[in-house]
Amino acid sequence: MINNAFGIIYTGDNSLRLKDLTYSRSVAAVPFGGRYRCIDFMMSCMVNSGLTNIGVITQKNYHSLMDHLGSGKEWDLHRKRDGLFMLPPFVTRDNVGLYRGTVEALKSVSGYIRRSAQRYAILAGSYTIFNTTFCDMLEQHVQTGADITIMYNEEQHFEPEDQYEDLRLMLDERGRITDMEYNPYRPGSPYKSCDVILMEKTLLEYLVEEASAHGQYQFSQDVLMRNVAKLKIYGYHYTGYVARLNSPNSYFAANMALLDKDVREELFSREHPVYTKVKDEVPARYGPSSVAHNSIVADGCIIDGEIENCVLFRGVYVAQGAKLKNCIAMQGAQIQKNCDLSYVVLDKSVIVKRGRSLSGYKSFPVLLKKGSIV
Amino acid sequence: MINNAFGIIYTGDNSLRLKDLTYSRSVAAVPFGGRYRCIDFMMSCMVNSGLTNIGVITQKNYHSLMDHLGSGKEWDLHRKRDGLFMLPPFVTRDNVGLYRGTVEALKSVSGYIRRSAQRYAILAGSYTIFNTTFCDMLEQHVQTGADITIMYNEEQHFEPEDQYEDLRLMLDERGRITDMEYNPYRPGSPYKSCDVILMEKTLLEYLVEEASAHGQYQFSQDVLMRNVAKLKIYGYHYTGYVARLNSPNSYFAANMALLDKDVREELFSREHPVYTKVKDEVPARYGPSSVAHNSIVADGCIIDGEIENCVLFRGVYVAQGAKLKNCIAMQGAQIQKNCDLSYVVLDKSVIVKRGRSLSGYKSFPVLLKKGSIV
Amino acid sequence: MRKKQIVAMLLAGGQGSRLGILTSNMAKPAVPFGGKYRIIDFPLSNCVNSDIDTVGVLTQYEPLELNAYIGNGQHWDLDRNNGGVYVLPPYVKGKGGQWYSGTSNAIFQNQMFVDQFSPKYVLILSGDHIYKMDYGRMLRHHIKNNAGCTIAVLEVPLEEAHRFGIMNCNDEQRIISFEEKPKEPKSSLASMGVYIFNWPLLKKYMQADEEDPASENDFGKNIIPSMLINGEKLYAYPFSGYWKDVGTIRSLWSANMDLLEDPPLLDLYDPTWHIYSRNPVLPPHYIASGAKVEQSLVTEGCEVYGSVYHSVLFAGAVVEEGAQVSDSVIMPGAHIQKGAKVNKAIIDERAIIGRNAVVGDDLNEGVKVDNSLTDDITLVGSDMSIPEFASLPKGMVATRETLGYLYMKGADVRD
Amino acid sequence: MRKKQIVAMLLAGGQGSRLGILTSNMAKPAVPFGGKYRIIDFPLSNCVNSDIDTVGVLTQYEPLELNAYIGNGQHWDLDRNNGGVYVLPPYVKGKGGQWYSGTSNAIFQNQMFVDQFSPKYVLILSGDHIYKMDYGRMLRHHIKNNAGCTIAVLEVPLEEAHRFGIMNCNDEQRIISFEEKPKEPKSSLASMGVYIFNWPLLKKYMQADEEDPASENDFGKNIIPSMLINGEKLYAYPFSGYWKDVGTIRSLWSANMDLLEDPPLLDLYDPTWHIYSRNPVLPPHYIASGAKVEQSLVTEGCEVYGSVYHSVLFAGAVVEEGAQVSDSVIMPGAHIQKGAKVNKAIIDERAIIGRNAVVGDDLNEGVKVDNSLTDDITLVGSDMSIPEFASLPKGMVATRETLGYLYMKGADVRD
């Protein structure tokens, strides 16, 4: 357990990438895996590592996120001493509340960083999903005497259209990073940053001051890449499962990957529970003629029809005669009698009326916007 | 105790009236009375009336407010069922988060209103300060069979420069409102709305729909005044102490009024405690040579110098030899040795360096902006 | 402490011996029910939903389990600044302290707790009933009647009336007489074990009752009758919804099955009447490709590869490929291995049913089963491990001991 | 329950008879201290600030007061999802239950509570000391030494050593011998009553100790000595900050006065080491035009119209016009009426000192005062009302009874 680090989660605004899923919410607040929001994974990793001081940097559209995290109760972070800190942009009459980059965001929360009593800072994004603790990473950081340690995983597969904040690392045989590429046209390395960066708090403060004094706002390019020679930056190789929610396609694929037992076991490890907001839903109810295959179903669902290869969030209703295949249905979606849906993503509270058929492709799932009635 | 009403507090944006006090906070979050924020009074009135479901409508600059109210713990409103609901504007890529008027704000939270299970709604603003319960008002509302009841008090004194949301009521002998004036040039009545309006939830929903369908956004003018003949609108006469924070002058005067025992007893009645965020401060400490007269002092202060007719918020430090007369010093203000201040309002964390003298007038107190160093 | 209008006292009771091995390690109110609840969630949620925010839970049994389950009360919204939920075991005082000798003695011993809140009324509840009830309405009824005590009553079939406290009322619902478990019931109005008393009045009667050495210090047997004798105003409050005493294996099983009716006999979906519970931190459940699930409740952390018919699966239950579960209640963390068959059974927490074992099998010759507690329902105890190919006959209670008996019978255990 | 590395057990003790009437209605840890705290706030805040989030509070006394004060623990940040603070009175079990017979018996009786969290270490604390200490550092010391038990020690003046448990250590701070309240102390290293034990080891020794009928079941008298005899590794952990046992009237008074030193002997302003407490909901205090306040602590809800010198005023205390308070501790809600004089006194909660009365007056002839508990400090009990013009001599303990004695002496009460 780590007791000398605090966490900062940046819920940046890559909202355009996920299209209508992020019309009124940040990526961090996008529903994932039947009962979670993306940020639950990073929050749980940190809490399971022993961190009790976590700051969440938000952009202007942070209402869903605030609603979801609340006082941090579910993560045991409702504390007077440390705990969960929502760090919204400093909105004044003159400032609309959007950051130009992570450095600016970090600069704006320098008060929070200064007040944090822990020695190390763990900086993380919110669009990368995995389940681990950072204990080994910190140990390696101390052992190697690194200034900065970046968590990475190996990914051979490359889809240019999913490329977003793609930081590639070149490492020497001892794990030290010798070079980096940001969103390279043709990646020169399979080692991709997992968007978790560890360093001493004082170094973080210095680097942020330094960069913002020079009008530099991008953490990857302006802070990490510029300092690759000057500072000892090491990679920490994470070998577990990693999903990145960069595009509607990767969002769809990452949810569907949960139907794989190995992925499920990695992400929902009993050792490292994933905490999320509790809704006090009733257990899911299967009707007398229901058919369910290869699906993930959350509490509060009522399944009277057929589902196959689906991820159903809390409180989804599948009426008799309705068929869902390869679909993701978010909280409170209603699929009425005799509908036939395939490769559809239903956002929260979508209603599909009696007998409608909708069908997308694996590579192009249909996305129904929050609250829409079809 | 009322168990069939919910409350909505509108933390509107009359920020320009209070000048630098509201540069980065709404009026509701302005510090008042040594350890409170304005909204504490309305929140406490509602909670002491028995309400357990309170929605706070915020505008874009709601960070201080959120920070202050937190999960509602101090008001015992951290509940799964009902409780405190922060209702920020629906910020999307296309919407910056400012309302054109109360009606628009109410319209935007119609989901919250619909879900509230209670029969009556109590609508309130946040710049009016008093301490009471709404039990008698509801009783009168039921007894008179009114559609709407507006709380008012009598005020003979009129300062045109303090005029803001000044709704004057003309009443018949039975208390029914026959006419209203909004910000009149010469008020025709001493009866001034206290910005607390009671009606059935269904009527509220109807009136909000109706007004917004016609593109009308002002609650006082477009909803109340237009319906004065059609609906039975009654006044409820509140005879207790009322302060309105309309201008820097009225803010200064309302704080100073607390030095009056009667005002203190009305606002800090033991029967109706005023709840606020707890800071776990140390008791105030008076040094060996301190002199204190006619002042209100919060915990965490250290008084080594002299104070007279002052309101000191939590954690203010008055060094030896410093003299404060007719001053308001907010949380964490530091007045160093041998300063001499008179008619000064020090916002949070202001530092006045050794030996400085500053002096305003009763009608024009000097305002030192949050964090400034003089 | 701020004054409260009403304080609830929940008699969580003792080990509940009629539930047999299900309560060998936990107090009755902590027994799982309905897929993700525990019995005590129902009275606690009723309190919260009725705007009663101060609850004392009186337990005879070691208080740790309940303390651990209830925690600071946040799961039921009972982590209040003033009030909230408190577990109250009998504590040692003066010369040694004593067990609660009866229901009213339990309240008597905790008078100081109630007095802290100086309530006008006190609500007495039992910890082994499943129902949804608005105690607020009952309180208004009590106040309107200007009653000294109000007892919630339910119409029961006359042939079952002998199991309950039975009331006779006049036309205004005022109680004329009350008999605890009468042999020849005169009416079918049964007490639900839910009482509202005027607190000062109750204190008076409890005091007098404590001074009577012959008394059993029981509400039904002593307090209520003596109030009636003294001409106090006692009223009945008729209740008509779903109500089930889950104090026996059979009733616990059938109350679970009631949830599978269409529509369910007890509506858990009412958004104005949430049933709160301590939620396990588990992912959504997974239904595999070859699985069949019909007319069942399945909750978080379950994995179903086999078939589940007309059953209730609790958090983290696993049904492997080829396994068949029907008409059963599978408690948290229980594991039904490949090819096993479970029929009309209650499988307690973390029990493992080995491959191809049969639970609820027809009775083989030569095997005697004590089914006095279970009827034809088979019960497998918590943390039990039923071996591969074992056959547990209908009505059996499988514990380490009884299983030993079957082993000794040799061939009867394995097909 | 998730595993915890360490669980704290706070011995909140009994009535604390050395504090006399101050504890006649409340357990010692609930006695007010320092203007807005209660004694128990210090060990609880130390726990939280040391990242220990699981605390059992063992009380011999009726648990209601402590339960009501501690509530769900939120004021100390101890309303944790897993862990938190629990009040543990001795509860009835098996055949009747028993009082805690000694400090180690109290822990022994609550073994099950600790075992829930399967901790490696257990921290034992007392509930009547005022100090700020990082138990985390002590734990690291314990782990580094690979100790079985670590005892926090403090250098005391040799002439006072006989009041403490005294240790002899070797150069590595390993404890060679331990004597509880020795007549001829061999060192001046006193135990602070703060122990860290390896939990499995402690369980072993507690079990053995319970089986010894001659044992007093006390850590200092039995457990520690028998560990030493058996050659376990016991280490001392030297502490050097402010520490005060506030178990007597004199020490309670002087610990309050210590806060008025410049700089205060105990720093309450450290932002990394907040002392948490249940905050009263009261407005800021008011100092009137004619008032004088020097070298004093004044907190929320106070009103000062008179003079206050070198004193501590608790929440809601009122000093009227012309009244003079000096070198005194005025507990919550106490009221000093016009012209009254209070000198070197402790005025307990809600007591009223009538107009022109004098508390802490010089002794009149013919009046005998039992000052065995108080020295020359005058003590006025809670809710007492001292009549106008009364004169309470130095060292008196004013209760209804002692005041009656003064009344009988006639003229001695009124000047």
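Chains: A, B, C and D, in written order; residue numbering restarts at 1 for each.
Everything below uses one rule, namely that a residue touches a chain if its C-beta (ideal position, glycine included) is under 8 Å from a C-beta of that chain, and two chains touch if they have at least 3 such contacts.
On a predicted model such as this, the values are computed, not experimentally measured, just so you know.
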Worksheet item: Is the C-beta contact count larger for B-D or for B-C?
Response: B-D
Worksheet, complete the sentence: Relative to subunit C, the most remote chain by C-alpha centroid is chain B
Practice prompt. Report the inter-chain centroid distance for subunit A and subunit C in whole angstrom, where each centroid is the mean of the CA atoms.
Written response: 41
Discussion item. What's the distance between the Cα centroids of subunit C and subunit D, rounded to whole Å?
Written reply: 43
Practice prompt. Quick one: report the Å distance separating subunit B from subunit C, using the average Cα coordinate of each chain.
Written response: 48
Response to the item:
Check: subunit A positions touching at least 2 other chains come out as 73, 78, 80, 280
Discussion item. Multi-chain contacts only, two chains or more: what residues does subunit C have there?
Written reply: 74, 79-81, 274, 276
Fill in: Footprint of subunit A on subunit B - complex, ascending
15, 23-24, 60-61, 63, 66, 70-71, 73, 78, 80, 86, 88, 90-93, 96-97, 280
Discussion item. Give the list of subunit B residues in touch with subunit D in this complex.
Written reply: 33-35, 73, 259, 264, 267-268, 273-275, 278, 280, 282-299, 311-313
Fill in: Residues on subunit D engaged by subunit C in the complex (per definition of touch)
1, 62-64, 67-68, 71-74, 79-81, 84, 86, 89-93, 96-99, 112-113, 116
Fill in: subunit A contact footprint on subunit C (complex, rising order)
34-36, 74-75, 262, 264, 268-269, 274-277, 279, 281-300, 308, 312-313
Item to complete: Enumerate the contact residues on subunit A facing subunit D in the complex.
Response: 1, 3, 52, 73-74, 76, 78-81, 117
